[in-house]
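Handing you this structure, nothing more for now.
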Amino acid sequence: MRLSELQPGESALVVRVSGSGPIHRRLLSMGILPGTVIKVVRTSPLGDPVVYEIRGAFISLRRNEAEQVEVEKIVPLHLIPPGSMVKVIMVDGGMGFIQNLHKMGISPGRVIEIMKGCCPMVVRTPLGQFTIGRGMAYRIYVR
Amino acid sequence: MLIALAGNPNTGKSTIFNALTGSHQHVGNWPGVTVEKKEGFTEYKGKRIKIVDLPGTYSLTAYSLEELIARNFILEEKPDVVIDIIDSTNLERNLYLLTELMELTDRIVIALNMFDEAKKKYRIDVEKMKKILGIPVVPTVAIRNEGIDELLKEAVEGKFSIKKPSYPEDVEKRIKTLESMLKKYKVGHERWYAIKLLENDGDVMKKFQRIGAKDIIHQAEHFRHEIEDVYGDDIETVMASFRYSFSHGLFHEIAEPINVGGVTITDMVDHVVAHKIFGIPIFLVVMYLAFNFVFEVATPFQNAIDLLFNGKDLANGGEINGLIDLSYYWMTGFMPSWLSSFINYGLLRGLAAVLSFLPIIMLLFLILSFLEDSGYLARVAFLMDRIMRKIGLEGRGIISLMLGLGCNVPAIMSTRALRNERERKLSIALNPLIPCGARIQVFAFLTSLFFARNQATVLWSLLLISFATVAFLGYIYKKTIFKGEVEPFVMELPPYRLPTLKGISIHMWEKSEGFLKKAGTIIIGAAGIIWLLAALPWGVEYGSESSYIGQIAQFLSPVGHLFGLTPQAIISLFFGFFAKEVVIDSFTVLFENREALMASMTQLQAFSFLLFLLFYTPCVATLATVYRETRSKRFVVFVILEGLTLALLFSFLAYQIGTLLGVGG
Amino acid sequence: MYLEFSVIYIAFLATLSLYYGTLEILNFFFTPKFIFLLSFLTLYPFSLLREFRFRKWAILLILLLTGLSFLFALHPPATSDIMGGFSLILSSSLLFYSLKDTLRELYSGLSFYLVGLFLLLAIGFLQILILLANLLDYYILCIGENCPPFTFIFRGEYLLFFLGLFALYPFLHRWEFRRKNP
């Protein structure tokens, strides 16, 4: 789906940035690249432009610019209610963080079950049951 | 020694520039373009250092003027050191530019600016950063002048053993091949050119086509297609991804987030200020507060300056002599009275007029700087973008249009904030049609005389007519004369910051100074010319119907008749060319009292006169500013013709239709 | 306790702003007669009183403030200023909106409160500056003349500025909210 189709509050993973020319290049320079997490913050009174949160900064894009970004909808872990089973799509952090989660069985592609809601959360993975702090839950994205 | 300052926009680059150069700076333009260039000097242990502030950019592509200027400066002027100023609260994205800079030069010093705010968000390991990159890294808090000395010290004495980012092996192999092919062309910076050729960089391609390096161009193209096939995306996305993964990795190595998922004050305020319902009303109120502040607080200062220069006639019949009067008496002591009159009542009056504009201009710039530095203007641009696009401008354009209600001079100067050159010109073309405070004062005066009971209605209708015309013309211009490529809007919303008094004062001074020097001289000159036209031929009463101005007016009066303009009205329009407030003054010269003025025109004539006044050429100060901002005499002529045409059109229609309908007789 | 009393005080402040705001707009067209009845809006927190802990003190405070706003309302100032009135009405609506969310302990309540109060203080501060500028202007224009003494016209904004300064207090104490909407 396109970035322009998302509603405020939703997060997504960038799949492709289409188009060419200055707009395309500017999107790339701002960090909108395949593999980036984008969150929709709010829309302006007339629906266009829209403010997004990208790599920790707030950027506003016009609708025709957002249309060039293909995304896949994802949700940060801390919003998932207990009892759900979700697939991990992406982990946002440095090598240390990724490895720690990997040791718990939380890595892209794995399915985990939420035992207790935020926060702190308790999840069950193929490797066992683990407690996840709020800071970590914010940076794990699932579907 | 030459140091260049680079970095993203909104990183406090200009604050650091000011801190380093103090008053030893010069603001001009990069050659041939309207992008501002700031150069300055500083000293370190007796060594004189030249500092150049490069335009703020997010990257170094060939897609925008600012980026080309920045990278060409580094390529051609070869600064000894480039200081990359990074907004530490926004590390990851700021590091992207760093990766591009590292491909261009080895000697980089990093300034981690806004370090105090960043410490609340992350724990940053500065030593680790130095080790990974191999270049000096200095935390700074520019607005508090912290770290600046150390920054300069590292720039001059620091040790550079840069560890450049590297791409995946297959890409590196191809880069190295191109590098060796490039050696025979002796252009230097082989690695950078190799990478840019691979990326199909427009400017670099042009350069190599010019020197006929067909072999390299073909090879680069070949490699490019190979890489695109392997990675499955276009080359720009692929290369940008590599750079970002370097900066992403670097970011996570040196910074550990402390407070994740908290709500910042910026977000809280934005929730209200950029709100679907409340956003625009809040903007209107802020504008109202700003204008009210400027006009009401400027008034006593304007009156003081007026009193000082022009003196006053007292109610009890006496009078106070102003500086101009005193100077006149003094000068007639040693020169013919006509010369003294010319110098004092002509030129010096002009100077007094310039100085009386000054409080309004300074306060307007003060408020504008405050709104800009706090970050609020970005939200305004966000709110108004959709509407503004209909008339061919981006969201920010509303600011300069609204400033026009205060005074067109700072309004036109503020168009520099518009990134797109085409939009800038469109905004400058539309701005003079917005009635400035002076014009509105004249309207208030005339409507109170001729439309006593309906004063408010007539005033509002004039304003609405001008807004509607601006919108309509903007729409037309967008489709015709000012058609062109749309610039990416992609705009960052910086976190709210409380501007420092020092900061906004500096900005205010910079802009006001420009007005004084350029517009000031032209206004004084125009005042002189008008004085000559009004005082000659020798012996006539100043500004009366027998003076040159009066004669011109009489000459034009049959034409003026079609538009409902009496000869006195035409005379006052001439004076209005100099400054709109003078229209009121000229009426007081031409008529003994209000009743005589009211008797000279019918209501219909008054209305069409008002319409003419609404649109016709802006005052000299505005024209001077237009010239200064566009450097094009053609543009100034365009603005004059635009105003005159609209003025003639509207007053003609109003007068003729009114006469036909038999109203306002 | 701070929460409840702050809410009551904000309702009072918002009501007064609304009152002066509508007055400034209506004065432009005619002199409205029964608008002082608006002061009963101070009773708004009453409608949510079940959530209050210090009932007796809260009720007392509300009645006191309603009485005060009634008093202010009986001597209406005569300024007519459409944009000024509009800006006061906007602040008051922001403050009322913040009450709605604050009582549900959402962070957005604090946001609206911040902006609404800041706007109110800015409006009041501006009017005070204008008053000073007019005073300065009066002295400059009257140099060498016998002017009648300076006429001081009371504007609602002056009062609201000082009342608003009191409303800063809870902000300094940093309300603690349960995060429902992070």
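Here the chain labels run A, B and C in written order, and each chain numbers its own residues starting at 1.
In the analysis below, a contact is a pair of C-beta atoms (placed from the backbone, for glycine too) under 8 Å apart; a residue touches a chain by one contact, two chains touch by 3 or more.
Everything quoted here is computed from the prediction, not taken from an experiment.
Chemist: When B-C is set beside A-B, which has more C-beta pairs in contact?
Modeler: Of the two interfaces, B-C and A-B, more C-beta pairs touch across A-B.
Chemist: Look at all chain centres (mean of CA atoms) and spot the one farthest from the centre of chain C.
Modeler: If we average the C-alpha coordinates per chain, A ends up farthest from chain C.
Chemist: Using mean CA coordinates as chain centres, what's the gap between chain A and chain C in Å?
Modeler: 42
Chemist: Can you work out the whole-Å distance between the CA centroids of chain A and chain B?
Modeler: 38
Chemist: Can you pull out the residues of chain B that are in contact with at least two other chains?
Modeler: In chain B, the residues touching two or more other chains are 261, 271.
Chemist: Under the stated contact criterion, what part of chain A meets chain B in this complex?
Modeler: Those residues of chain A that touch chain B are 16-17, 20-31, 33-36, 41-49, 51, 54-62, 65, 78, 93-97, 134-135, 138-139.
Chemist: Contact residues on chain C for chain B in the complex?
Modeler: Those in contact with chain B are residues 83-84, 86-87, 90, 93-94, 97, 107-108, 110-112, 114-116, 119, 122-123, 126, 129-130, 133-134, 136-137, 140-141, 143-146, 179, 182.
Chemist: State the interface residues of chain B toward chain A in the complex, per the touch definition above.
Modeler: 58-59, 61, 63-64, 89-93, 96, 233-234, 236-237, 240-241, 244, 249, 251-253, 257, 260-261, 266-267, 270-271, 274, 276-277, 279-280, 382-383, 385-387, 395, 485, 487-493
Chemist: Where on chain B does chain C make contact in their complex?
Modeler: Per the touch definition, chain B meets chain C at residues 261-263, 268-269, 271-273, 278, 281-282, 284-285, 288-289, 292-293, 296-297, 299-300, 303-304, 307, 312, 314-316, 318, 320.
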